[in-house]
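Chain lettering (A, B and C) follows the sequence in which the chains are written, and residue indices restart at 1 in each chain.
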Amino acid sequence: MNPSLGSSGQALVRPRRGIADYVETALPKVVLGPTLICALIFVYGFILWTAWLSFTESRILPRYDFAGLVQYVALFANDRWWIALKNLGIFGSLFILFCLATGLLLAILLDQRIRAEGFLRSIYLYPMALSFIVTGTAWRWILNPGLGFEHLVRQLGFEHFEFPLIVEPKTSIYAVVIAGAWQSTGFVMALFLAGLRGIDDAIIKAAQVDGAGPIRIYASIVIPSLRPVFFSSLIILAHIAIKSFDLVMALTGGGPGFSSDLPATFMYTFAFNRNQIGLGAASAMMMLMTVMAVIIPMIYSETRRQRHG
Amino acid sequence: MGSLSIRNVVKRFGPVQVLKGISIEAQDGEFLILVGPSGCGKSTLLNMIAGLDTITSGEIAIGGRIVNDLSPKDRDIAMVFQSYALYPNMSVRDNICFGLKIRKVPKEKQDEVVARVAKTLQMEHLLDRMPSQLSGGQRQRVAMGRALARDPMLFLFDEPLSNLDAKLRVEMRTEIKLLHERLKATIVYVTHDQIEAMTLGDRIAVMKEGEVRQLATPQEVYDNPADLFVASFIGSPSMNFIRCPVVAENGGVGVQLHEDAERFVFPAPQAVREGLRPWVGKEVIMGIRPEQITDRSPWSGENPHVVSRSAKVEVVQPTGPDTLMLIHLNGTPVTCRVHPESAPHPGDKMALMFDLSKLIFFDPQSEKRIS
Amino acid sequence: MAEPYRTHAAGPQLIGRTVIYTLLILFALYYLMPLFVMVTTSLKTLDDIRAGNLLALPAQIGFDAWVKAWGTACTGVYCGGLKGNFMNSVSFVVPAVIISTLIGAFNGYVLTMWRFKGSDMLFTGLLIGCFIPFQVVLLPMAQTLGWLGIANSIPGLIFVHVVYGLAFTTLFFRNFYVTVPAELTKAARIDGAGFFTIFWRIILPLSPPIIVVCVIWQFTQIWNDFLFGVVFSSGQRQPITVALNNLVNTTTGVKEYNVDMAAAIIAAIPTLFVYVVAGKYFLRGLTAGAVKG
């Protein structure tokens, strides 16, 4: 190797890149490869597959000849689907509302320098560790008309108390709301608590110096600065609501009849029990589109905010 | 052996050109500083020398070998980072040995190296501690020890003192300078602190927006800055810049100034006279450093270039060793340096000595120095 | 916020604190109530249940319901209790958690320390996979498992849970490794360490906190899953959640509420145990998942 270096273009040695270097550059991509292939095939590929199925007349067995929108027409002509959609609306909005309101309330209460805060927090949060099947089973028992809550209240003296919530077609979906909200509120509370803890003390102190009372401070400063948490919670809760399947299966089985059906249980029943693959695929695609309608604006506004922020 | 050659190196990130053609030749054993404001590209250039970033075009050669295609471990370099980058799960000893272990250096040689490095940096008592148990200054020393253990051709420092408090920074600066003198190693050192640049470097490359504005010794950069940016960047408190028209005067050339209502002319130093002549009738920017405007001292009379004028003092700021005062010339605030005892009350007028031998003039358009 | 909002008079403050504590305790009771009901019901006899009410304590503590739930209850055609299904769950949850965590760690490492052109976009693409309703992959996956010969089998369940868990595990590790200074990798590269050496010697030793979070999260998610279990397995291969649902929904004979409750608790014990022991990591997992990039 020529060690000397002149400033006027003396011959220099230029070593070549070794095989090892090429391997090093390729390695990261190779490691990521399997995951990406999985995502490509098992997520995006399968979505396309299901989409295709939704455009066919598949019943017990899949068929792949294109049949247009016939399944979607059938879907929206199906009363049960409409009930499922209506239930999703009722369940979704009540579930989200209750979780947000109660979660916020609990977070605010817990933030008041409570003794045993950690202990209380873990009590509110433990339902998240349970399967929705367990939750559904437990609440099914609690809401049992003959032996559950109704019976308890009657034994307490209110002999004519009636609480057939879970067995009445008109109200069965509200049972799902109760059980679901019980399970998920703790999570929202945890998010809000973290958000509250992140608020700058100095702003609160400035407001107190300005003479604002506690309610004013909460209304004008604290709650508005929790907006990002509201949005993340909203998105996550909406997501849980749209995907709700386990809870309904355990709590009401979709019944009585199909009065507490949700799109997820509809899809399962038609695709796997009723041998209507095409219809099931169409309902799955509708679920996907609903989720995307919620998620995509969020991602869009997030990336927008990051670019400008 | 440890010379560094950077030839017309360009770096692009997508459409943005971060380095616009850098050429620097560093001699064996030289302490080269890359200094400039954030975003000027100095860290990017350092990363490219190290091999942590690719080169868009141009060549970098270390010790006679073009290293463009070599990975960092093959370039015979060592690097000290701003955040020290010590391996948190390893002891000091293991941190220093890590590179040696990877290169399968035999155990006895490893121990030898660790002992040598620990002695040089006076770290023997720290060898078995974990990084989390060390202070900032100690961590920095370990980071340097790790670099020393490699015995490389080229040392790279990326703002190593920025995370230390002011007092520690001064101490470590001295240590680094001593280390350089003992090892006679070639060092490329990146910093945004112009004091570090001035005190440590053999030569300074002042960078801005991807270009080297001036590459020279500290004193040269201080006395003869290449342009307005270099002049304002180097020196604290920074150089005063005053816009003034050039006039012909007494057969020579000078600049027209006014303080309050008084008008006067400062003659230009001999060296610049010819360069300034074409500018008669136009405006230039005059640069004069605060220490060149001072109070009367017993030997002031000996310097023929010193002119006395009085000016109204607006603000007085004592710093301890001297006092900074603000006056106005041509409507521009100008900082002067006087002995604390001589400083008047704000609002008073005071007689000041102006050392005109070091006046510098800049083209207002191109911002380059007129010579 | 450190300070509660005090008014200056002590009286209103005391009332305020009382109200706060009362509310908190009431809510705590509301959340504990189902657990209490489950436990007490499982310890009662059927007569006891019919005679008493939800909140009454058992007249006599009996574990018969538990024994039945574990060993002899009918989950469909088969009447051998939940023990087989419990073992099923264990046998696919453990491998699925380990594999998905390991791959997630490597992915997170690559995405933060070895970025290449387009790697961030790939991450976003992967992330979207977290959000899809799994209904849209059920039909193709059922078909694919059949083709691969692992339909209705433990390996099949492991496969499904790993594939759909990767997005989350990658997210966890990537968000964690982002906080590790990149200069650590640079220093190691200059020292001569390669891709795997850096991971093994430097990154992995830093990872225990996130590994715990990831394992707890994955364990809870996979153990509690019902959808994949009910679609991709049947009969005796079913996980415990599916078996529980079957048990509770059997319409033959007398409804044995105590057995139902005992079965529910058996299904809940592993994740509850993990929660009690490592609750704060569970919380970290939840909030880490929610704070998405």
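Convention: a residue touches a chain if its C-beta (ideal position, glycine included) is under 8 Å from a C-beta of that chain, and two chains touch if they have at least 3 such contacts.
Keep in mind that what you see is a predicted model, and the values were worked out from it rather than measured.
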{"item": "Touch-based graph of the chains, sorted into line, ring, star, complete or other", "value": "complete"}
{"item": "Which of A-C and A-B has more C-beta pairs touching across its chains", "value": "A-C"}
{"item": "Centre-to-centre distance between subunit B and subunit A (centres being mean Cα positions), rounded to whole Å", "value": "55"}
{"item": "Separation of subunit A from subunit C, taking each centre as the mean of its C-alpha atoms, in whole Å", "value": "14"}
{"item": "Of all residues in subunit B, the ones touching two or more other chains", "value": "71"}
{"item": "For subunit C, residues that touch 2 or more chains besides their own", "value": "none"}
{"item": "Touching two or more other chains - residue numbers and ranges from subunit A", "value": "24"}
{"item": "Touching residues on subunit C, where the partner in the complex is subunit B", "value": "181, 183-184, 186-193, 197, 201-202, 205-206"}
{"item": "Residue numbers on subunit B that touch subunit C, as the complex places them", "value": "50-52, 71-73, 77-79, 81-83, 85, 87-89, 98-99, 102-103, 146, 150"}
{"item": "List of subunit A residues in touch with subunit C within their complex", "value": "24-25, 27-29, 31-32, 34-36, 38-39, 42-43, 45-47, 49-50, 53, 62, 102, 105-106, 109-114, 120, 122-135, 137-142, 144, 147-149, 151-152, 155, 182, 186-187, 190-191, 194, 196-197, 199, 201, 204, 208, 213-214, 217, 222, 232-233, 236, 239, 242-243, 245-246, 249-250, 253, 263-264, 267-268, 271-272, 277, 280-281, 283-285, 287-288, 291, 295, 299, 302"}
{"item": "Subunit A partner contacts - residues on subunit B that touch it in the complex", "value": "1, 3, 5, 25, 61, 63-71, 74"}
{"item": "Parts of subunit C lying in touch with subunit A, wherever the complex brings them together", "value": "1-5, 7, 17, 20-21, 23-24, 27-28, 30-35, 37-38, 41, 49-50, 53-55, 103, 106-107, 109-111, 114, 116, 119, 122, 125-126, 128-129, 131-141, 143, 163-164, 166-167, 170, 194-195, 220, 223-227, 230-231, 241, 244-245, 248-249, 257, 260-261, 263-265, 267-268, 271-272, 274-275, 279, 282-283, 286-287, 290-292"}
